[in-house]
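Heads up, the next two complexes both have subunit A, just with different partners, subunit B and then subunit C.
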Partner chain A sequence: MMKKVVFTLLILSLFLVSGGYSNCVLAAELTAEEIMERVDENEYLESARMEAKMIIEDRGRETIKEMYSYTKGENSLSEFTNPRDRGTRYLKLGDDLWMYFPAAEDLVSISGHMMREGMMGSDFSYEDIMESQRLTELYNFELQGEEVINGRDTYVVSAVAREDKDASYYQRKIWIDQERFVILKEEYFSTGGRLLKVMEVKEVKEFPGQRWFPVEVVMNNKLKAESKTTLQIKELDFDYDIPESKISLETLE
Partner chain B sequence: MKLKIKIALYLLILCVLLTTKAEAIEIGGKIEMDSGLLYDNDLKADFSGRGEFELYFPQSATVEPRLVWQLDLVGGALETDLRYMYLRRRRENGHFTMGRQPVSWSYGAMINLLDYGLGIEDLGEETITPGIDGLRWHRSLGGGRNLQLITSFPGLGSESEDLASKLDELGYGLRLRLPGSGYDLSFNLSYQPIKINKVDENGNDSDFEDDNLVRAGMTYNRDIGDLGSYGSVGYFHQQNTQEDDFMLQLGIDYSWIVGGYNGYGGRQVLLQAEYFRFLQQNFNAGQLAALQIGGGEAERNTTEVDATEEFNIFGGGDLLTVNLVTSLDYFTDLGVVMMMETEEQQAVLVPYYISDLGGGLELRVDSRVYGNREGDFNSGIAAGLTYYF
Partner chain C sequence: MYLLRIAFRNLFRRRKRTLIIASILSLAVITFLLLDSFMMGMMDLSFGNVIDFETPHIEIARENFFAEADAKQELPLAETFSPSQDILAELKASQGFSALTPVLDFSANFIAGREEFPVLVRSIEPTTFGEVFKNEDYLVAGEFVEAGDSGVVIGSQLAKFFNLEVGDFYTLRFRDKQDYFSTIEGEVKGIVSTPHPEMNLGTVLVARDYAVKYLGVSEDQVSQLMLRMDNRNIALSQADKLGDKLADSAYEVRSYRDASEMLTSLEAWGYLETYFILALILLVGAIGIINAIVLSALERVKEIGMMKAMGLKESQIVQVFVLEAGGLGVIGGLIGCTVAAIVNALFATFGIDVESFWDVAELGLPMSGRIYGVWNPSSFVMIFLFVIVIAVVASIIPSYWAARKDPVEAIHHR
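Showing the complex of A and B:
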């Protein structure tokens, strides 16, 4: 009899610390949608300037790309500054992508089929780097539970692309820091449920206004063996005052 | 006089340098070494070296200078020349540029015969944009639309001692570019003095004959679903000889993933194919590419292996060019360019391999196999190492 009571208590305690309990509690506190709205508030860049370094590694070889970028809503302008690509610029205007060639001082429209390809040969696609819509505009969410990532308590949220939206990935699994509302890990899936990429945040930083933002991110394309790309943000200015004309075709001409 | 012009231009740049914060100027560029082996009945070896250096000036809201010069190792001797040297004055609605400058009217094609500088992609490499000595006015019309007006002085690069004769012949260009969401449309017009190479009875180059070339045309670039498409139509007219012709070009580009899963991962393969034809076959791309129209064409340095088949095959009326390239990994591309010409039934196959070795070093190996219906055949292999700094 005593054994039965102990066993029941054990099962109950396991349930309490497991996702089942967490779901009940979390659902009572914040919905998945509300969590993701908080994430968007934190991570969506309304108008920002960023300096970053991209370290691409594959089978023991490494190459480094450096760039700065301006983002304003769904438009962005990125310029590479490392010697090999110095002056090469990408301009995203809505769904259109333009590339500027510094040697010829001319820009060419990039075909839509290139958007899924690795940007500058990295694990980040053009879509990954230039995704500019709020996640809450693109996906429906469901709270799955909570887990601990690198010592931080996280919400685990699954996201499925809305039917009427052209999202980069059909499905995502997202780990969100419960205190800072910053994404710590993401898995990207195809429509068939296959794991395509994993993104892990190695470092987050607090910016003025108690705003946390990831400053070192590692992207790993699971369909390519032994490769990974690290994106390090060296400088980030939120609410940077970008003139209307800065992110435009005129700037590149 | 050529020296005097160069000195004057150097002084101009010096003035800019002296009025700029010296600590903010950076230097960058690349050093290339190429060697080649060509088999054309007998074996020829070839070696060339080239350095390109650019000063990066601090950003200025109004005046932007650009200075790029290069060193060429030709036949064991070093030669130096300016690739680009200009001053650009920016205004709210455009800019004005004076000096030797790149003028590129690209739309994604590998062979662009409506480009003011006649830039031709170097078979799987970057597009070669010759420097244009001249003045360019760029006027923004809003929404990315713009109008460019160019006046060039192609004689400035000549060996003539007389400045008046250098400035005697002028070229003119006009481009109206109308990009929109998902497309890019341009109307180009150019009028340029050209020198035509005359050939004597023995087939040797004897002299140059002056003429003027008019080119008018339209280029476009547009996505059709996942397929990128581009093309151009053009009218070409040579003033003295009264020869004219219409040119039609169509091209596509597409990429897909081999292996991987459902469009992700795996190996990316990129295909670009384009076809052009001069309807009456009065002109050809080889003849146009060889023209000295900008004043800065001498900067192009290429191994004999590169040059031989390129100009043979551009000499035909119809030309189909296909570039198929895949990434072996994040650092290495393997590709092949195929060019087929119908008039003399010539074909060139150019497999190439480009690898980022790290530390700013890039290795390029390409080989070329050329053949035609007469049974002429030659082949070659070239390797180059580029250091970017």
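Showing the complex of A and C:
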């Protein structure tokens, strides 16, 4: 009897050890590239419709902007719906960005120094929203280790821009939820290694198809004092069928 | 001579009328000459400031640099180049060459505290920069840029906008040559207050050897070669010559006038406006002359009849009236030129404060301080002759009308 118990315990412990070991193997076997591919699977929007709210905090003053947007690959159309900016639209077609002001019925191409400015006064610059490719297309990755962020185990991955790719930031440091494969925190660096921005994910939500996506993000511009913008995603429809004509200059006007 | 004497006497028979018509003509002359002087003074000041602080007499860059900068309003780091010894030697051998300095201009956002502002960053070689540009002469606080320095020199308006003083920290954020975000950080080393408002607000000076480390370009790369020549005329002719020489190369040569398209257009519009005002006043003057000739013909109907009865030909009578009008032109022109010369002498000596009647920063003009009048003798000669011609031309038709009067009817005044 005693022998049977010992044998069962041995089998059980072997099973547990081997199970634990296989988990470790799974984690260790995933390369930084594979981790980021899983992230892209979750976070890259092929075709989507989104309703969001942007809370801009500037020296104690809070401004709220509401908008909805349609995204299809590298193209997107966003329209603001809050009373102050109602009807203001942004259209991104590839590398070009336009803005439409309803009051003036005026269409403006955003280029030059305007690209470096914050979108609607936020900490997201126009240049940030122009980077719409998959992260795996723009960067080379290296797994740096593991850390716990907000009680969740994360992979820490450093990203360095691939040559001849249209990346805005030379270097990034990314914390990825080990279970859900979504980015929980990201630091953006200049070529000289200066920390430019920090993005922290406050809330992650599971969408149909076991797809996790960040729904509350805080962007902090580290070059400017007292600067913070929170983006809350209210509604998100993945694989939303967007007609070709929806994201076009004609629609913008 | 006889006809001239009659015409001359007629002018003084109606002194008041002569004076009124001559005054209108002189007003046209004064207005034109003073506007001309003001325009030239304004352009002189503006181009002077462009040359001293923005684009010197001649600048040379890669062809696409200017094209992209004009089209995108951003300075392309991809269009920087390493100047060869041959091109440097050729530029230094140009007639009227005074000095050369390389610069590496790029667009960035100047960030301090919570604010940021788009600026042009001019990376300079401190040893030669002062030979071409005069920014250092207008230093109001701190020190000027030195080689290897992380400190920048900013304009007084930018300092005011950010509430910065010498020693305060700044960050410049920009895209490097590979199009990645990059930054330059350091302390504000000096503040300049130049007569060029744009330089005081939108330009930051940094040492080139320090900036290149963050720009992703090699150490010897520049965006433009800036040349100062002996004077503006030589600059314009040499810019053309250098342009021809480098026509087949990848470089483009621009003079200070090419670089200031807005100013050149403004100059053309300014002159157009001056001539338009001149035309309006002269039109009033011409109507006055027609009126004066008709009135004097009506007054002197009997006299005309008598002159005809005594054998004077129609053409001789026409000559009397035309000479009379010409005399009005001479008097108007003389009064006008004299008064304009006196006023312009004061204007040229004391000048007028631009900011007292214009917000130059808002207009975007490269000038502040005082505008001084400019002497232009050719304008005096031209307007003096022009006003006489106008007076003579305006008098021809009424003179014929007067001369065709029947002598008998004229004597009977019917």
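Simple rule for what comes next: the second predicted complex is superposed on the first by the 221 of 253 C-alpha atoms of A that agree within 3 Å, B and C clash if a C-alpha of one lies under 4 Å from a C-alpha of the other, contacts with A are read in each partner's own complex, and residues count from 1 in each chain.
Heads up, the rule we're going with is that a contact is a pair of C-beta atoms (placed from the backbone, for glycine too) under 8 Å apart; a residue touches a chain by one contact, two chains touch by 3 or more.
Fair warning: this is a prediction, and the values are worked out from it, not measured in the lab.
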Clash-or-fit label for the pair subunit B, subunit C on subunit A:
clash
Applying the document's definition of touch, where does A:D58 land relative to subunit B and subunit C: first, second, both, or neither?
both
Output check: A:E41 vs subunit B and subunit C. Expected answer is one of first, second, both, neither. What do you get?
neither
Touch test for A:G192: subunit B only (first), subunit C only (second), both, or neither?
both
Check the residue A:S248 against both partner chains and state whether it touches subunit B (first), subunit C (second), both, or neither.
first
Looking at A:S168 after the superposition, I want to know if it touches subunit B, subunit C, both of them or none. Which is it: first, second, both, neither?
second
See if subunit A has more residues touched by subunit B or by subunit C, and give me that chain.
B
So, A:E235: does it touch subunit B (first), subunit C (second), both, or neither?
neither
So, does A:E206 touch the first partner subunit B, the second partner subunit C, both, or neither?
neither
Examine A:S227 and indicate which partner it touches, taking first as subunit B and second as subunit C; both and neither are also allowed.
both
Per the contact definition in the header, classify A:E137: touching subunit B only (first), subunit C only (second), both, or neither.
neither
Clash-bearing segment of subunit B relative to subunit C, given 170-178, 224-232, 242-250 or 296-304
224-232
Mind sorting out which residues of subunit A both subunit B and subunit C touch, each in its own complex?
58-59, 111-113, 116-117, 190-192, 194, 196, 223-224, 227
Residues on subunit B engaged by subunit A in the complex (per definition of touch):
28, 30, 56, 101-102, 104-108, 119, 126-127, 129, 138, 140, 143-144, 146, 179, 181-184, 221, 223, 226-228, 253-256, 260-266, 268, 327, 329-331, 356, 358, 360, 362, 388-389
What part of subunit A is in contact with subunit C in the complex they form?
58-59, 111-113, 116-117, 127, 161, 166-170, 188, 190-192, 194, 196, 223-227
Subunit B-touching residues of subunit A, taken from the complex the two chains share:
56, 58-59, 61-63, 83-84, 86, 93-96, 101, 103-106, 108-109, 111-114, 116-118, 121-122, 190-192, 194, 196-197, 221-224, 227, 248-250, 253
Using the touch rule from the top, collect the residues of subunit C that touch subunit A in their complex.
72-74, 107, 109, 111, 113-116, 118, 171, 173-176, 178-183, 185, 213-214, 216
